[in-house]
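Please find one structure pasted underneath; my questions will follow.
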Amino acid sequence: GGGGGAGGGGALTLGFAQVGAESGWRTANTKSIQESAKAAGIELKFSDAQQKQENQIAAIRSYIQQKVKVIAFSPVVESGWDTVLKEAKTANIPVILTDRAVDSPDKSLYKTFLGSDFVAEGRKAGEWLAEEFGSAAGDVSIVELQGTTGSAPANDRKKGFADVIAPNPKFKVVASQTGEFTRAKGKEVMEAFLKSQPKIDVLYAHNDDMALGAIEAIEAAGKVPGKDIKIVSVDGVRDALQALADGKINHVVECNPLLGPQLMDLVKKVAAGEQVPPRIETTETEFDQASAKAALPQRQY
Amino acid sequence: MTTLDRIKGYRPRQRHLPILATMAMLIGAYVYGASSYTAFGSGQVVLDLFINNAFLLVVAVGMTFVILTGGIDLSVGSVVALSTVVSADLLQNQGWSVIAVIPAVLAIGAALGFGMGVLIQVFEIQPFIATLIGMFFARGLCYTISTQAYSIDDPTVASLAQTQIPLGGELHISIGVVVALVVVAAAAYLLYGTRFGRTVYAIGGNPKSALLMGLDVGRTRISVYTLSGFCSALGGLLLVLYKSSGDPLNGVGLELTAIAAVVIGGTLLTGGSGYVLGTVLGIMVLGIIQTLITFDGTLNSWWTSIITGALLFAFIVLQRLVGRRAT
Amino acid sequence: MLRMSHIRKEFPGVVALDDVSFRMFPGEVHALMGENGAGKSTLIKVLTGVYGVDAGTIELDGSRVAFSGPGEAQRSGVSTVYQEVNLCPNLSVAENICLGKEPRRRGRIDWRETRRRAAALLARLDVEVDVSAELSSCSIAVQQLVAIARALDVDARVLVLDEPTSSLDAGEVEQLLNVVRSLRDQGMAILFVSHFIEQVFAVADRMTVLRNGKLIGEYRTEEITPVDLVTRMIGKELEALEDIEDSGHSRSDLAGAPVFLEAGDVGRKGGVAPFSLDIRAGEVVGLAGLLGSGRTELARLLFGADHADSGSVRIDGEPVSLKTPRTGLDHRIAFCSENRKTEGLVEELTVRENIVLALQASRGWARPIPRRRQDEIAERYIEMLDIRPANAEAKVGDLSGGNQQKVLLARWLITEPRLLILDEPTRGIDIGAKTEIQRLVARLSSEGMAVVFISAELEEVLRLSHRVVVLRDRAVVAVLDNESLTADRVMATMAEGVAR
Amino acid sequence: MTKHRLFWPVVALLALLLGDLIVHPAFFAIEFRDGHLYGNLIDILKNGAPLILIAIGMTLVVATRGIDLSVGAVVAISGALACLHISGLGDQNSLGGTLAAVGMALGLALALGVWNGWLVAVLGIQPIIATLILMVAGRGIAQLITGGQIITVNSHPYEWIGSGFTFGLPSAILIALAVFAIAAVLVRRSALGLLVESVGGNPEAGRLAGLRSARLIWLTYVFCALCAGVAGLMISANVHSADGNNAGQFIELDAILAVVIGGTLLTGGRFSLTGSVIGALLIQTLTTTVYALGIAPQAIMLFKAVVVLAVCLLQSPVFRKKLARRRKAAPPPAAVVPEKVEAGV
């Protein structure tokens, strides 16, 4: 093999294998990483897997060949990383996970995980609901817009939410359908819900985009989003905060994409051989209408 | 009185040209990569192409048969996913052994392929729709088994997955590569050296004629889809080895990649002309494009798509022009 | 040996066979006769299981059979050459001959033996071609021979030949008939379909006549005269050909006519060697040559189907470049291809649509031919060429072979070209229609249309042409004026390559 | 009547609607609300409009033996460009600005069609890979335009294209119908239809008959891209935003499916625009049905597989014949005898 020019010099090279660019959230995530790498003087080798795990694995293999100092990636799915991570370990390249964890039992395969907990996000949405409707009389009819069927955020956000509302029988999920994380599908599905469900009190959307699409469907049906139907969603993109500020959404659970600075810190530490905690959760808040108004001016994504 | 020796004359073997052109360009791309990025020159980069694409290669080989008959198989991605999910489920939840799982999964894939073949042959449903139904069906089955991806911690799978077959130096390949190469060799033999293979070409050339020539068009066509289902299942098993997991979202869009690889390899989508070797090259083309982009490492997501498209364009057009020039 | 009784076969809207019975004995050549669309090919396809029957029974060697398809028929000893060349253009000649019955060694196809066997079979028909060449590179005549060679391969008991000679010239035909005779002498039963009455009388022992899907009768060759036969086929007496004056057909008659097209040293590498030729308005130029001598290639260059890489063409004295069929069409040249299946018809479309296609192409898409006019044109040509069924909205693919050929001819006639190139226009056409077409050519040329006429039948060429261009080895070797020109002389020129 | 080519697709569509009626009677409820019609059927028309448009364009491409995989990418690009332009306007509601945006987007779509057509008709690259190039690169171009973000716009004139109502009906469907009418007239009143069918049915024969097939094929790709461009405007206008990555995902598959269900063969030749429209409506009805009946997300694929299978079997003459034979054979037990005869031997 060749000398691995990339990692040879003084500059620290980081190979980062991104999932894709499937949403504005993801783009913000990518941008944050690229910008903070530049700011930290780290040479970044970036690759985009277009939502395919195979591509990510291939990219990681290529980083091993290129002998980068550190590898970081946001796993497309949690499972299936053992082989390639073992190769990285054999090549003595430390690995950092971002955004999503992997479920490998062998924790020595990666140094640390930096990101959010989707189950916790679902749970937060559920808790808000429990509080908001805690005193309400009668059943609460909930409709749910799920993410892409089979994807980790969809599975986890559904689970976290369901866990919290399960104990209280008055919360009823009357319809739950996939909106594939997009505005267009969110709108289309909500249109159908509005016709097939006689009574909808709450909409829980697995991401903001679907909620934004659903708002339009609700308005077209002559109802008032945020009032006739309360809406809670996850992510905290700018448009959603705007809608929140306008009173069209009632609550947003943040899922923070701006991992860049934290990641670069970790990269430096890991490269220097320092010990790092095995799990670091990004700081994530929740927004209500007031905090949304405050946060809006600085929102970049 | 009449002798037709006059009609004899040399015609260049036009059908080999696309393959030669593709091979030349692959070498060109490799030389370019090696001169631009140091680590690219190591032979392992080439071997990694095989390691990363072994499962795709197997799937594409099945697809080659289908396309040679003038058909298309959109179900392969879903069947791959189904195979991984079924394997994971049987190994993790039902406690089956690897030895039992392999034939079961292969049988499921072949059975699905057979079903689609019957729809196409017996009920005369266009291959595009019949296999699209198969695509929905297999993906649907995945979701009914599990909406979650899960890991397989079976020790046999793990050891198979992590076995590296050394080739001297620092070079190594995986078991998947060996399987894929065996499949390629078997397919090449089938196509070149057996009546079944020749019937496949005949059907692609002109199905009506093939029928009138007394060939068993029906059985061959059904076999071809069965074979493709089988290859997809085998590809799924290799993917299980590759990732040690089952995931219902595996292989979304894989059918297009496989079709593209076959067609870039010089096989006509209308059937009747093409080689398995071309398919191997087609996969290499797609793989090397991706590798070049990863080595570059400075492109953001959308530039990745755009440059992928541009490189694809360059390959295809050059292939076309080289092929034409040599005629 | 073979008995088909009370066969009935209906297609949507057409009764192709109505209570037809047919029998064949071992060691005989049995000719199946009838006009275009009489039901000959359908009867054959019913026999070999391509179509199921609506009523009736088939017995082979005394036992009932119902083949599920050509494959099974073949395995039971019925070997068939269907009317249209039904081979795989993408495979080599050798493979087309051996497909499905390739010699194998240890389970693997033995390619050397395959090629050897194919070459041997072709040699039996006196054909020598490169058996590893792709079939699509061969002319339609060679393809027809390949199809025949393929059928000879099995040790069949029944050999069915549906118009095997439609593209062949005298030499090949003679060779084929010899092979047929020797097979008969070995005890094979041979079913032979042809529109060439002489061939039928030369080889058949017995014949069955069909008309409009009905059985007319079965005759022994000795019992019947050609005139009788034709009368039975068409149901009335055939008008003689006498009115196409055979004599005085010489170029000197056209002395005053202007030259329409002048080709100077036009040629194409791998096609035909550069040749020069001028064609006058009203002139019929016949092309003569053996198989593969380059007649088709020459015609394609004149039309622009291929573009010449040397020489120049003038039309009405103006230099023009004929690069695509479209430019040919724009200069009012029409080219009726010999290969109606792959180069001629769009099988899915209707008779009407196929007929108006070239005219419409020349008008451009924006000026559609009004539907009423299309119907009119279609009706007129259906009647004139006696296309059956006389339904302008029938799918061309469902027509019998001869009727398809007529449709193709009609397409080019309606473009009212100034130069009409006819490459084997009478291929597979019954005798009645053939005279009709010859008469038409004579009439059109007398009205000032120039015609280039290619036919495997030398007599036909001689009867119509003012001049005969003789080709050999893909080069023009002589241009003979048709003044007291005889078939023998043309043949000699073809064989020796110099004018005598 | 059963012989008409559109008979079975229409039957399939009606059967699906009938199924909806039985399972969920309210499915057909239509109200008049805020000056427009409101109900599931209206949603089907509105949400199906983009697919109808693309299916129309795709039909012509398929008729020439081609296929266009890039329509999804063109959808994304045209929506992205229009939204980008509108979002930069001082007054997003200005009609002129919106028209300019629409014009730019359609101009770009046209250029993309020219590109596809050039690859296929001039360079002679197989359609599936020729359009694959744009399919891959196009998503990137769309994201380049949007900067990877979703661009939200607030323009009433623009909104009209996707979610507006005219005469009580969704404007989207009116636009789709207008395009359909134009295409149908263009194709059937001129000779284009015949020429396209000839080129697709037998390209070599077409060439020798003097057709300018390259030009014709080129034209179909341009038209298809244009249709996709309009569809892209609709999709983005419907949600007031442009999503470079997700807009029009997998719509090429649906469009091809619609074309094929409508009776056009992928091997080219005879085509039916009406059939494609029916096919597209069928697919959209299926989607809406899934939502309205509350089919669980993990069962959607299976449900679709079963419905599409049923539709295709219904259309398959072989299947109908077998079914009819069985039915005929079933009541009188004596019918076993003729079946035996048929088996021969």
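Letters A, B, C and D name the chains as they come in the text, with residue numbers starting at 1 for each one.
Keep in mind that, in the parts below, a contact is a pair of C-beta atoms (placed from the backbone, for glycine too) under 8 Å apart; a residue touches a chain by one contact, two chains touch by 3 or more.
Here the structure is a predicted model, which means the values were calculated and not measured.
> Listed by label, which chains are in contact with subunit B and with subunit C?
D
> Would you mind telling me which chain pair, B-D or C-D, is linked by more contacting C-beta pairs?
If we tally the C-beta pairs in contact for B-D and C-D, the bigger total goes to B-D.
> Would you kindly say which chain has the C-alpha centre located farthest from the C-alpha centre of subunit D?
So the farthest one, by centre of C-alpha atoms, is C.
> Measuring from the mean C-alpha position of subunit B to the mean C-alpha position of subunit D, what distance in angstrom results?
Chain centres of subunit B and subunit D, defined by C-alpha means, are spaced 29 Å apart.
> Counting in whole Å, what is the centre-to-centre distance of subunit A and subunit C, each centre being its mean C-alpha position?
70
> Quick one: subunit C and subunit D, Cα centre-to-centre, how many Å?
44
> On a C-alpha centroid basis, what's the spacing between subunit A and subunit D, in Å?
So the centre of subunit A lies 33 Å away from the centre of subunit D.
> Please set out, as single numbers or ranges, the residues of subunit C touching at least two other chains.
Within subunit C, no residue touches at least two other chains.
> Provide the list of subunit D residues touching at least two other chains, using ranges where the numbers run on.
Residues 143, 148, 297-298, 300 of subunit D each touch two or more of the other chains.
> Going through subunit B residue by residue, note those that touch at least 2 other chains and give them in order.
143, 147, 300-302, 304-305
> Could you tell me which shape the graph of touching chains takes: line, ring, star, complete or other?
Graph shape, chains as nodes and touching pairs as edges: none of the named types, so other.
> Which chains touch, pair by pair?
Applying the touch criterion to every chain pair yields A-B, A-D, B-C, B-D, C-D.
> Which residues of subunit D touch subunit B in the complex?
Going by the criterion above, the answer is residues 65, 69, 123-130, 132-134, 136-144, 148, 244, 253, 256-257, 260-261, 265-267, 297-305, 308-309, 312-313, 316-319.
> Could you please specify the touching residues of subunit A with respect to subunit D in the complex?
Counting only subunit A, the residues touching subunit D are 20-24, 26-28, 30-31, 146, 149-150, 175-178, 180-184, 187-189, 191-193, 195-196, 209, 212-213, 216, 220-222, 237, 239, 301.
> Enumerate the contact residues on subunit A facing subunit B in the complex.
Per the stated touch rule, the residues are 1-6, 15, 18, 20-21, 27, 30, 34, 44-48, 50-55, 57-59, 61-63, 65-67, 77-83, 86, 103-105, 148-152, 155.
> Going by the contact rule set out above, which residues of subunit D touch subunit A in the complex?
Contact set of subunit D toward subunit A: 24, 26-27, 29, 33-34, 38-40, 43, 47, 143, 147-150, 152, 163, 235, 238-241, 243, 245-247, 249, 287-288, 290-294, 296-298, 300.
> Considering only the defined contacts, which subunit B positions touch subunit D in the complex?
74, 119, 122-126, 128-130, 132-134, 136-137, 139-141, 143-144, 147, 256, 259-260, 263-264, 268-270, 300-310, 312-313, 316-317, 320
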